Amino acid sequence: MSDLSVLYDAPGPRARARNWLYTVLFFALLALVLWWVLSAMADKDQLTADKWRPFVDDSRVWTTYLLPGLLETLKAAALSIGIALPLGAVLGIGRLSEHRWVRIPAGVVVEFFRSIPVLLMMVFANQIYAQSTDIEPEIRPLYAVVTGLVLYNASVIAEIVRSGILSLPLGQSDAAKAIGMRKWQVMCFVLLPQAVTAMLPALVSQLVVIVKDTALGGAMLGFGELLNQHREITANYGANTIATFTVIAVIFILLNLLLTTFASWLEGYIRRGKKTTGAVVHTGATDDMGFDEPLGKH
Amino acid sequence: MNLRKASMSAAAALALALTATACGGDSDSGSDGDSLTIGIKFDQPGLGLKTPDGKYEGFDVDVATYIAKEMGVKAGDITWKEAPSADRENLISNGDVDFIAATYSITPERKEKVSFAGPYLMAHQDLLVRKDDDSVGSEKALRDSKLKLCSVTGSTSAQNVKKDVAPKADLLEYGGYSECLTGLENKAVDALTTDDSILAGYAAQKAHQGKFKLAGLSLSDEPYGVGIKKGDTKLQKQINDAITKMVDDGSWKKAADKHFGPANYEYDDAPKITETS
Amino acid sequence: MFDFLDQYDLWDAFWVTIKLTIYSGIGSLIWGTVLAAMRVSPVPVMRAFGTTYINTVRNTPLTVIMVATSLGLFQTMQIELGGGDSSETGFRLAVLALIAYHACFVCESLRSGINTVPVGQAEAARALGLSFFQVLTLIVLPQAFRSVVAPLANVLIALTKNTTVAAAIGVTEAAALMSTMVENESDVILLVFAVFAFGFICLTLPVGLLLGWVSKRVAVKR
């Protein structure tokens, strides 16, 4: 049921008029709330230029704090995504294995690392690296953050991969076996390629979580990522907390929008490619959690 | 059910392994004569602050630089490292830093894990209130008051407030002091409470001058020490000598006036060195 | 080895964590369902609102949302949600922030669940003359919920662990107690972390396993 218009009839003239009325009412309400918020902020001197100006006319806010922070965030996120994706795929396939000695350890790893708060994993990783490796202290927080993120997100990705594969019709693997494919061939050439399409939206959701979770290591480990920069900025520019949080939130939102837009383009690209081979999975457990669903197509 | 049991025992094993490794930490400290790595706060105006120019300033920074100079290390050869409160002991025992000067109060629990030199400053818990607010006059008034106080989650100051300083007060806890200051400006809270040295640093900032003042109560003693690797008596003596010299030649007072002066903070005289062994 | 725990009320702190989880779990389920309904509704402005809400809130770090409720709603707008003192207000604001954030994930899971319901179901319902609201509540959502128990369990586990962010606005839950212990017990700091890691495993592991079992029981066989 990817095309949701099956849920209701096409709007007639009366429904269209009503929709217009709803739209007008909604925007009136939105304007009212906005006015209320802004006037309350103005009342409390939160809109004074002093608090917001540094982000516009002091380029050092960007060069000293925000951009280096963004770079650290991107580094940690890219590394975590790069490692967690293949690891998660292996764990997810491992949980579906026919051998108990593969299935059970994979299951234990997934359930265990899914249950511990990521921050605590980062702290433990930092300590283990400090005790038993000679990774430079300057770069150790990055390693710790990446380790924590990889362990947690690989577990979640494993679950996504598993449900993606389970969502495929049984006939697919039966047919593959019938033509004499080996088990790994069934997985690599038949199941995984189809499952990827089905689980892509859920995967993207998880990638967004990775980007945001890089922020966890900041306060505890002295990892200088983007969100953590708000302490140094507010300490220098007179406790402009609300302004700083707003700016950082906007950067995060833009960054993640970029990621999701790219992913939905990729999803469409893969789907279009798949259509020619005729293998489209419409019944995936996580099918079509589209992000930029075209609006008003009715 | 098997799975759950297995995971539980794995968790317990992990916990034990971690604590075991944590106790056996003994990597070498990186002091090699011509360069030093020093842990400071990056977000504490007046004590340790990373400025927009990418430089570091504050009283802790000045003390650390002076100590480094006495150890024969030029200011340019110091690597500053952020030392978040929760990470200070580990930074020292892992040998990531040579010493830490980051609003680090000397307490018996901390001395289990690290050694201290100094103290170099005696801070006291105090209140920061709006300029026109005179409602908090004395310790006694505070104890019976129902003020809205603000401090950092889990900090010693927050615990003191709950225990005996102002048990009846309505305490709001945040992740950092900036949120409290915004609340103070917004009149959502009546006072921010923590060490007076930290409060003075905020009050002395250009953006805050004329807005806030210290109430001038001494609710606790917080001797700020220099954290060093446990049992390093040689470094302890070096640092103690440096601090003594800094006080004697007037640089200590100059640094204190520079960073705390604008807030009209009447800081205590340099404390007597207590950490000798 | 664990005698330092005697002076702290671990159970109290974890009880607040559990309460946060339960209240915000129920809240996110309701608000998430409403959001999902908005995103598939016939009214364009509702769909637009749903999409914008998801794209904004889901892409913002939870810490920012949490602090925004406290600095924005409480301090600036003086909305106390009838909390009285600041700890009760903080708790209610934290629940609000957790609901606002996790409802996004509930909504997205539910939407994927709606996608698994065969088109014929909705078409048959409309042929019977049911309205959009009836199609959704009587036919589509009941089937959709049964297919997304596992993803919803993931959201619940994430929610349980994310309650720790509430410490940033002073809710006295497990993470706040942990900061207190980190401040006081610096000699056994890793043991403190291990205790809390174990506490969270105890909370989330049974929930994950139980709901995993439930999801298999209630799944729609097709």
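Assorted remarks:
Here the chain labels run A, B and C in written order, and each chain numbers its own residues starting at 1.
Just so it is clear, a contact is a pair of C-beta atoms (placed from the backbone, for glycine too) under 8 Å apart; a residue touches a chain by one contact, two chains touch by 3 or more.
Here's who's who by UniProt: A, C = Amino acid ABC transporter permease; B = Glutamate ABC transporter substrate-binding protein.
Every value quoted in this text rests on a predicted model; they were computed, and no experiment measured them.
The interface with the greater number of C-beta contacts, when B-C is set against A-C, is A-C. With centres computed as the average of Cα coordinates, no chain lies farther from subunit A than B.
The centroid of the Cα atoms in subunit B and the matching centroid in subunit C are 36 Å apart.
Centre-to-centre, using mean CA coordinates, subunit A is 16 Å away from subunit C. Each of residues 44, 46, 111-112, 115-116, 124, 127, 241-242 in subunit A touches at least two other chains.
Of all residues in subunit B, those that touch two or more other chains are 3, 7, 11, 14, 18, 22, 86, 90, 175, 179, 182, 186.
Multi-chain contact residues of subunit C (touching two or more other chains): 63, 67, 71, 75-76, 78, 190, 193, 197, 201, 205, 209. Those residues of subunit A whose C-beta lies close enough to touch subunit B in the complex are 44-46, 50, 58, 60-61, 64-65, 104, 107-108, 111-112, 115-116, 124, 126-128, 130-132, 137, 140, 219-222, 224, 230-232, 234-239, 241-242.
Partner subunit C is touched in their complex by these residues of subunit B: 3-4, 7-8, 11-12, 14-15, 18-19, 22, 85-86, 88-90, 107, 109-110, 112-113, 148, 153-156, 158-159, 170-175, 179, 182-183, 186, 188.
Against subunit A, in their complex, subunit B makes its touches with residues 3, 6-7, 10-11, 14, 18, 21-22, 24-25, 27, 37, 42-45, 49-54, 81-84, 86-87, 90, 94-97, 175-176, 178-179, 181-182, 185-187, 202, 205-208. Residues of subunit A that touch subunit C in their complex: 1-4, 6-9, 11, 15, 18-19, 22-23, 26-27, 36-37, 40-41, 44, 46, 111-112, 114-121, 123-124, 127, 156, 159, 163, 201-202, 205, 208, 212, 215, 227, 241-242, 245, 248-249, 252-253, 255-257, 260, 282-289, 291-293, 295-296, 298.
For subunit C in complex with subunit A, the touching residues are 39-49, 51, 55-56, 58-64, 67-68, 71-72, 75-78, 105, 108-109, 111-112, 114-119, 122-123, 126, 132, 135-136, 140, 147-148, 150-151, 154, 157, 161, 164, 190, 193, 196-197, 200-201, 204-205, 208-209, 222.
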